[in-house]
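For reference, chains read A, B, C and D in written order, and residue numbers begin at 1 within each chain.
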Amino acid sequence: MPDPEFTFRSDVTVELVKHTASDSDVVFAARVSTLGEQAEEMNQCRDIRTGLTARDSGLINYLMRDQHGSPFEHNSMTFFVEAPIFVFREFMRHRVGFSYNEESGRYRTLQPVFYVPGPDRKLGQFGPASKYTLVEGTEEQHQTKTACMEHSYKVAYAMYQEMLIDGIAREVARAVLPVGLFSSMYVTCNARSLMNFLTLRTTHPQAKVPSFPQREIEMVAEQMETAWAALMPVTHETFNANGRVAP
Amino acid sequence: MPDPEFTFRSDVTVELVKHTASDSDVVFAARVSTLGEQAEEMNQCRDIRTGLTARDSGLINYLMRDQHGSPFEHNSMTFFVEAPIFVFREFMRHRVGFSYNEESGRYRTLQPVFYVPGPDRKLGQFGPASKYTLVEGTEEQHQTKTACMEHSYKVAYAMYQEMLIDGIAREVARAVLPVGLFSSMYVTCNARSLMNFLTLRTTHPQAKVPSFPQREIEMVAEQMETAWAALMPVTHETFNANGRVAP
Amino acid sequence: MPDPEFTFRSDVTVELVKHTASDSDVVFAARVSTLGEQAEEMNQCRDIRTGLTARDSGLINYLMRDQHGSPFEHNSMTFFVEAPIFVFREFMRHRVGFSYNEESGRYRTLQPVFYVPGPDRKLGQFGPASKYTLVEGTEEQHQTKTACMEHSYKVAYAMYQEMLIDGIAREVARAVLPVGLFSSMYVTCNARSLMNFLTLRTTHPQAKVPSFPQREIEMVAEQMETAWAALMPVTHETFNANGRVAP
Amino acid sequence: MPDPEFTFRSDVTVELVKHTASDSDVVFAARVSTLGEQAEEMNQCRDIRTGLTARDSGLINYLMRDQHGSPFEHNSMTFFVEAPIFVFREFMRHRVGFSYNEESGRYRTLQPVFYVPGPDRKLGQFGPASKYTLVEGTEEQHQTKTACMEHSYKVAYAMYQEMLIDGIAREVARAVLPVGLFSSMYVTCNARSLMNFLTLRTTHPQAKVPSFPQREIEMVAEQMETAWAALMPVTHETFNANGRVAP
């Protein structure tokens, strides 16, 4: 086995692979309950970007505000995500409205791509364990972090390789690999399950309920949010305007 | 209020409204675990209809046979369905991988469209309650059924209207409406949740596990299956070939 | 078949059949993340009713306020419920954290027990369909309601019986039965899924988000809430104190 | 920080913490559909261990065979589990009918307890990556495995400690910790979701559908199965007799 080429990343990858998702999906699903009213809509002005009337947008706002969640489920987005295992561990706690397929360490040899936080990552921890605050790391802390991580990652991967060379099963050898190793997955969700995820996994000035996501999953969440906001701009704006409480 | 125009239907409506669903979605999701192998695929012959190689089809068969369900979730189909309430009551017992929005009897006046089984519906019941068999109805039974249903439906709807005219709330007045009344809904699912539904809600010569769906929900299921089979033909064939056991 | 004895009910039945649910379950599940801290708890005063320390109660409050929902799932309550079909139709829209088994109109002859709202049920509807208000019914409206319902129910049940006598299958004959017919079910949930249900299916002065449940499902929800509050009093108080927003 | 005391384990911990689960729960839930029949049961002989009549057991067998799953959901079991992170990663892919609370590496310092497979763990891997076979490890392979793992684990933990001493946040420092580190969680499920888990996460001579679980999650699954079998012996026997296909 040749010497591995280590990659140390401080970013994550999020690609929208496929989707069927638009603001009008929400409107149609909600209107099934009040079908008679649709006729009146014919002559209304429609927003050129979204195809919605002012009344449509008002309906979306009403659904969000009063927590009628089901009309936000009739759409679908599939993302390809590359991130460290510790991010996927948090991600997969989301059970409802999420489908996952992840790279398997049983069926392939995992590649030496590892997470090392970048210079803008807050490193220092203060206060009690259950309510800690993060602060900018010192120059010295950043050096320690990079040195410790790279060293540990390299030793772990060398031991992984040594076991593989010796004919030991991948599923056994992988036990030494760190949760900072990058993995990849396809994840499919809908606007409702995504909003739930965003409520918990982002911080945002408009959020009514505070949340304290780890920065790395927030980096994934922010990219998913950007992709979603482009597909369903009215729903996204309404989510913000209503305090980012998932309906 | 004018005299209502009653509609008696013996059929159901199923329309595929939107979707993102193809056999190749299954392959991509499954391959994320064994990414290295994809390169070899480049030169393979591809089926002109599905774009799949023979190896892709083999992969789908393996996933179905060994019950690896998650790769079948990264797709989405939204249907508009019109059927009697008793069908929706059974339908909505499917909780996982299904999203629903149904017409509401609280927010609109329900229309007088009712279900009366057609001449090919088996009417007669024999045997113990828990393992009954259905047989063709006699001419006389069909007459009884049509007469009893139409009479009952008409009385119920007249009472509904009388209460509405008297200013009684829709949500109260609807209590008299029968489960044979037609309702409508949007329902969104994926190939995995749909296969689960089909396993329980259709009878089929290739099914390994017997199931005893009521004919009316089977009518809905059959139309959904037809639409799905056109989108994901290889997955559908493989589902049949493996005994219609949902993975 | 003898003349049926009709029962007209204006109430619902909710019985707590079995459970394993206490406030301390929440505390234990939450503490698994911070196991080291438990030792310090040994010498704390404990509430005689709940066995919780002041710090335990504070933890529950923190979980509720900051929307950490999972610790509220490690408990279970099974209820037996009798209510009209239109209530069950709304109930079964709750998919997550709810298990259902309902009486079947395919396997047994349904009994003539029907819902007729009592004198305290608001009957009159005002305003636009999508934002209607209910007001007390007049004496005359109550008479209309009772007369229309009883008449309609009796005709429907007579037609149901006539079809059964003629040998027509139960699953077909039941189409004429109204959504005001009583059904029964077992339903199992946990504190988290129940709080979600209560948020949507009750009105309450402490609720931050308004909801507009139909009165009949609220009657079921209120009885479930009373039973739950006795089992998990601290969780219940905290739910109220935090605006009845399910975590 | 003192030198850590490393613990290397080759076993897992599974404790049944609390439950409400018995075979009769299944029977009651199923019987709600055919309530009239219960009277006849009064004079039947009951099994002294389970309290079930022969007819009750027959009912459970029928439900299992014909894949009627919902009656198996009205029960609850909570387990405390200690196992390596790579086991929890697989475990938490089970989304339906499972509740989790796991120890957090953000809120506490993780302890140096690591997984090293015991001498009976098959170590050698043969065959193509997607259909590999495991064989007994040689003496030399066992030595390599133990040496590589212990070395890698010790370096990783030392680097973790060095970062903590330097004031670097736990949530950052943990990135170097391996998936062979032990974690702990509470997990709550019901008989239906547990059977689904067992179908996929155990190998068994009576299983109709083959499955290929990694040995370490199977070790957890086997202990959960033993605890469950003691609570619901008839359901467990019936699960086996019907090919261990979860209903």
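Definition applied: a contact is a pair of C-beta atoms (placed from the backbone, for glycine too) under 8 Å apart; a residue touches a chain by one contact, two chains touch by 3 or more.
Since we're looking at a predicted model, the values are computed, not measured.
Shared contact partners of chain B and chain C, listed by label, are A, D. Of all residue numbers seen at the chain C-chain D contact, over half occur in both copies; the interface is built from largely matching residues. Comparing chain pairs A-D and B-D by the number of C-beta pairs in contact, the larger count belongs to A-D.
Separation between the centroids of chain C and chain D, computed from CA atoms only, is 32 Å. Here the CA centre of chain A is 27 Å from the CA centre of chain D. Rounded to whole angstrom, the centroid-to-centroid distance between chain B and chain D, based on C-alpha atoms, equals 34 Å.
Residues of chain A found to touch two or more other chains are 34, 70, 93, 96, 100, 107-108, 129-130. On the side of chain C, the complex with chain D involves touching residues 17-20, 25, 28-30, 32-36, 70-71, 73-76, 78, 80, 99-104, 107-108, 184-186, 188, 190. Note for the complex: chain B touches chain D at residues 34, 37, 66-67, 70, 93, 96, 129-130, 199-200, 209-211. In the complex of the two chains, the chain B residues touching chain C come out as 84-86, 88-89, 92-93, 95-96, 98, 100, 105-108, 115, 117, 121-125, 129-130, 132, 134, 137, 140-141, 144-145, 148-149, 151-153, 155-156, 159-160, 162-163, 166-180, 214.
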